[in-house]
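Same chain, two partners: chain A is paired with chain B first, then with chain C.
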Partner chain A sequence: MSRPAPGNRRSTKSEYIETDTGNKISRKAHIEGKPNIMLGGRTVIMAGVTMRGDLQRKQERPADGSESAAADKVSSTAITIGRGTIISTNTTIRPPMRSSRGSGPTFYPLRIGDNVFVGPGSHISALSVSSNVHVGAGCVLAPFSIVKEHCRILPGTVVPPAMVVPPGSVVAGKPGRVVGEVGEGWGQGGGGEGEEWVEGGDLRALVRKVR
Partner chain B sequence: MAAPFPYTHYACPCSSSSGPVISKRASQLEPDEDQETFNPHDPRAAYSLYPLDHLLFCDECSQIRCPKCVNDEIINWFCPSCLFEVPSSAVRSENNRCSRNCYNCPSCSSPLHVTQVEKQDDGMLKPGDGRTGDEAYLLFCQYCDWTTLDIGVQFSRPTKITEQLNKARKARYTVQQPDSEDADKTVSKQLRNHDDAFDRLSVFYTEQMDETGESGNSWGSAYGSPANLARIMSLYGGLTHGALKKSREKPQPMREAAGEEEGLATYSPSDQDMDEETLQKMQTRGWDETASEEQALSTPANYGARFKDELWPAATTLRTKRGKRCRTCRQFIIRPEPKSGSARYRIRIIAHNNIPRLSLRPLHPIGPVQNPSFVMKSDHAYKDPILQPLSAQQFVLTLRNPIFETVKISLATPATTPGRVASRVTILCPSFEIGPAGDVWDEALSSSTSTIRPSDGGRSAAMASLTGTAEGEKQPEAGKIWEKTRNSTSVILEIVPGSLRPTSSIGLRDDEVKETVEEAEDDDVLEIPIYVRAEWTVDVHGEKGGEKEPKELGYWCVLGVGRIAA
Partner chain C sequence: MAARPPTTKRTTTTSTSLPAAGPPCTIDPTAVIADKAQLTGSHPVTIAEHVVLHPYARIRAEGGSVTIGPYCIVSEGAVVGLPEGQQGDVVLERWVNVESGAEVLAKQVGEGTEVGIQARIWEGATVGRFCRLTPTEVVGAGEEVGDFTVVFGDGRRRVDKTIVESEEVRNARVKGMEKQVEALRKLVPDGKAKWIS
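This part shows the complex of A and B:
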């Protein structure tokens, strides 16, 4: 039942490297700054995904007042991804950047929650994407946008910079607007044995299928 | 958001279209007998069919509840941008908009940002040490680069934007007062502001009410007082002699607003040069500088706006968190947690956990089963499944039981689907039992063992589907269930899709056929209505061993199978 492997069936090497916690990371993913990336387990990073973990907040900034004192406490993790999250092919994950006065560009840590599905060819630069969010194909989550729980971002949406998407919204358009609300049963079911998976639901079954 | 095939939609019984459906289509040869068949191609069907995640369930009434048969009750209002909860008392006075610093771009609707003006070009180099004198801020849209500088507004502080904006607006629209010759003009300028006009009107009418002796305490509740209601009733209702006399005794009727001071906006010829001016502006600036309708409607402040440079930032509209009550028994079936940031529920009774759910898949899938919302590779485009007409195809219909009791199911479906294209449908085993649902742990532990027939493990199934007949392959048999797990049962559904074109025997009336082919756009979608009847017993007092109470639930479902090839 498995999806046929893309392209030619190469040698014995499987496409994915599986870690102890069950993360599956494609050998064809471009991952920079690996020490700054945290994966929660059972998370899939597919081929062609670009993750810019090297864009972390600079620690050795000259201290110039109160705002940097708060910044110094922040750990160097640039990208955090929760459990059971799927990052589909050719997606870019890039921590958002803001240039503040005097201190040059500063990158902010990017957080993605549990059971988040990110469709192929998306660009994620959000500040945070909460759990059980379904992002369709070819979406752009512009810098500093915040997507709350149980949201559905329809394919091809451009979520404008710094937009806050309230929980349970359906977002569509360029620029993205809240066009509706998900049903109360959002994300229920799925994940069970042999059951079809649902958007926003448990993605474990889908993760298991990826190989 | 068209649902991908195969889908299951459930009909809410609240809509009467799930009952009698009067169809005048000639193709519906079979007259419905005692029970009317649900016709998914009926125009009204679209209003009663829902995907499962939108359906609720009332456990008092034991009925499915759809968004149409629940009452919404607002729990709280909050700003979607700052997620700040707005007390209900403040909602109306603030026009259902956030009164804090949340603004949306009037041009593209994305959120606006408070940014410092970089007019002093070397601002980056200066240390920001308390020199607040010449600091200026603006609202900036990071999506379309609109700024408040486009309308010539900037702020002295980054906080209290609403206050500053109001001040700026007031300053802009009353600035003509001293230098314009006649006072009329300033008023008419002001009247472009709808709020202002409304205020004047409401003041005027309140005065009128007071003068005529109406005890209406405010404009909004004119009909609220019993006295007024009685008067209206006597006006329109059966007039007794006394009441008639009384109503005649009423003094002069109320006057309407008759002047700009009173809020009446009239057209005067002197506006003509203003129109000329507008026309001139339109000519010189072109289409791109004119405000679209959507932009003009973004906020009441923009209602009169004709050009982009008149667009005012729109305060973010509030959103609500709503609880839902059953319309029949008034109990809460959805009650979210009042905190605006959280997505949790205190009460959530959804259909998903209370009615057996159906899912359909082909018995011999041709390609990998695809759900378009889970396409992970952009080159794997989703295509609607195409069904060959007039060739029998078998599907596996799986019913899952979310209830903690064993449920007896009977399925019923019309032998031929209603609609223009009649497809033949046979459920090989229409009545069976589904085991009770357990908790997740049970499921996890037993799923590998309790499956009577292990769901086709990759290789063998692939082989079987390739060769067509494997020796171990189970054959679908009438009256037998296909496979059974602890809380799900699958049966085989045999479908012979009808032909889009009528069979050759009536080929002579070719022109007439052509007409009917174009009749409806989704006629080629094969949708099967199925009536599901579930019966089970529950312990009356919750404890086992007590007396059992029979329960029953029946509902129509529609299975979308695919499109029939032309």
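This part shows the complex of A and C:
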């Protein structure tokens, strides 16, 4: 098989780079500290997204034994993102920082679950965002907030620092408050072939459309 | 699966291919300027000791000079300075924390102030000492925000009495800021060499 001509190759260059596990990462995303970022597969990182994987937990103890060296390796992952998660344009993902007693301030690893949709222009510094959460456009999840499963964060919400959002809540406002619960059956479906995606449901259909 | 085209000839679009001529800079040797931070415009930029500029932070000296005081942190996506077509200088005093996505066009921001995530301070505004702008809050053009004010909840303001009365609290905040700078120094690689001519 012959190689395509350089000109040809250039014209086929798409916006997204697709990895073996089906992650789609925009060429226009700003990703720092790539070795410290884990993507679960079928995850979409759109253009203009800034990810600060370089802000990892500082390694305190020197790696004296093989066991502690392995533990250090695990803890150095700064950003973990689950399967089928979509991070829309111009979102910033930055691990939160806090001073712990005794030592200086350190960054804490940030976790995002499966099938999470993050709207454009948001900022995520939360400690964890669980699966099937829908974050609207222009939201700020302040440092050390925790968002549990099946939540809806309405557009423009500022989730205050260290707030814990219980499962199935609807959050809105500045500062963000729980304004209600998602209805029965919210986020059901969306997984099958040919089905439309639904908020809080399986986002595979939407991920497939991104190219 | 088809083999990928060789990566060697691919030209990256993310690399900072900036023109060599940046603004005239005075950068203290103890400052940390990330490689991907940007300094634009033609007016002078002064960066004092122990400043941290994160990657993708932007100092925009297009409408006037920008002065950044000691122990300031400017995060990713934040912009400090006026754009082309507007005139005026921007001064950040000591210990100012400009969070990610914030935009500071203010005349002056007092010491110990925290400009929250995606907050905006428009041109000509002045912000006092030890203020806090919570995320996404806006201070309008020419407005004045007094010392120790907290701006929150779509423009509501109140004075943080704890910090007014207690010097200890103020010192704790200053110390926290200095410790943060020390921690970031280990994580953000410095690339200020290209801005010093």
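Keep this in mind: the second predicted complex is superposed on the first by the 183 of 211 C-alpha atoms of A that agree within 3 Å, B and C clash if a C-alpha of one lies under 4 Å from a C-alpha of the other, contacts with A are read in each partner's own complex, and residues count from 1 in each chain.
In this text, contacts are C-beta pairs under 8 Å (C-beta built on N, C-alpha and C of every residue); 3 or more make two chains touch, one makes a residue touch a chain.
Bear in mind that the values here come from a model prediction, so they are computed numbers and not experimental data.
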item: Dominant contact partner of chain A by residue count, chain C or chain B; value: B
item: Touched partner set for A:R94, first chain B, second chain C, both or neither; value: second
item: Partner chain in contact with A:K28 - chain B first, chain C second, else both or neither; value: second
item: Partner chain in contact with A:Q56 - chain B first, chain C second, else both or neither; value: second
item: Partner chain(s) touched by A:V140 [first = chain B, second = chain C, both, neither]; value: second
item: Which superposed partner A:H123 touches (first chain B, second chain C, both, neither); value: second
item: Chain B versus chain C as contact partner of A:P175, first or second or both or neither; value: both
item: Touching partner for A:H150 - first (chain B), second (chain C), both, neither; value: first
item: Contacts on chain A seen with chain B and repeated with chain C across the two complexes; value: 3-4, 6, 121, 138, 142, 158, 175
item: List of chain A residues in touch with chain C within their complex; value: 3-4, 6, 9, 27-28, 30, 32, 50, 52, 54-56, 58, 92, 94, 97, 99, 104-107, 121, 123, 125, 138, 140, 142, 156, 158, 174-175
item: Contact footprint of chain A on chain C as seen in their complex; value: 5, 9, 13-14, 36, 54-56, 75-77, 100-101, 117-118, 134-136, 152-154, 176, 179-180, 182-183, 186-188
item: Partner chain A, residues of chain B touching it in the complex; value: 1, 51-56, 78, 80-83, 108-111, 113, 123-124, 127-128, 141-144, 319, 324, 334, 340-343, 345, 348, 350-353, 357, 359, 361, 368-369, 371, 373-378, 400, 443, 447, 451, 455-456, 458, 461-462, 485, 488
item: Interfacial residue positions of chain A with respect to chain B in the complex; value: 1-4, 6, 46, 86, 88-90, 101-102, 117, 119-121, 134, 136-138, 142, 148-150, 154, 158, 160-169, 175-178, 182-189, 192-199, 206, 210
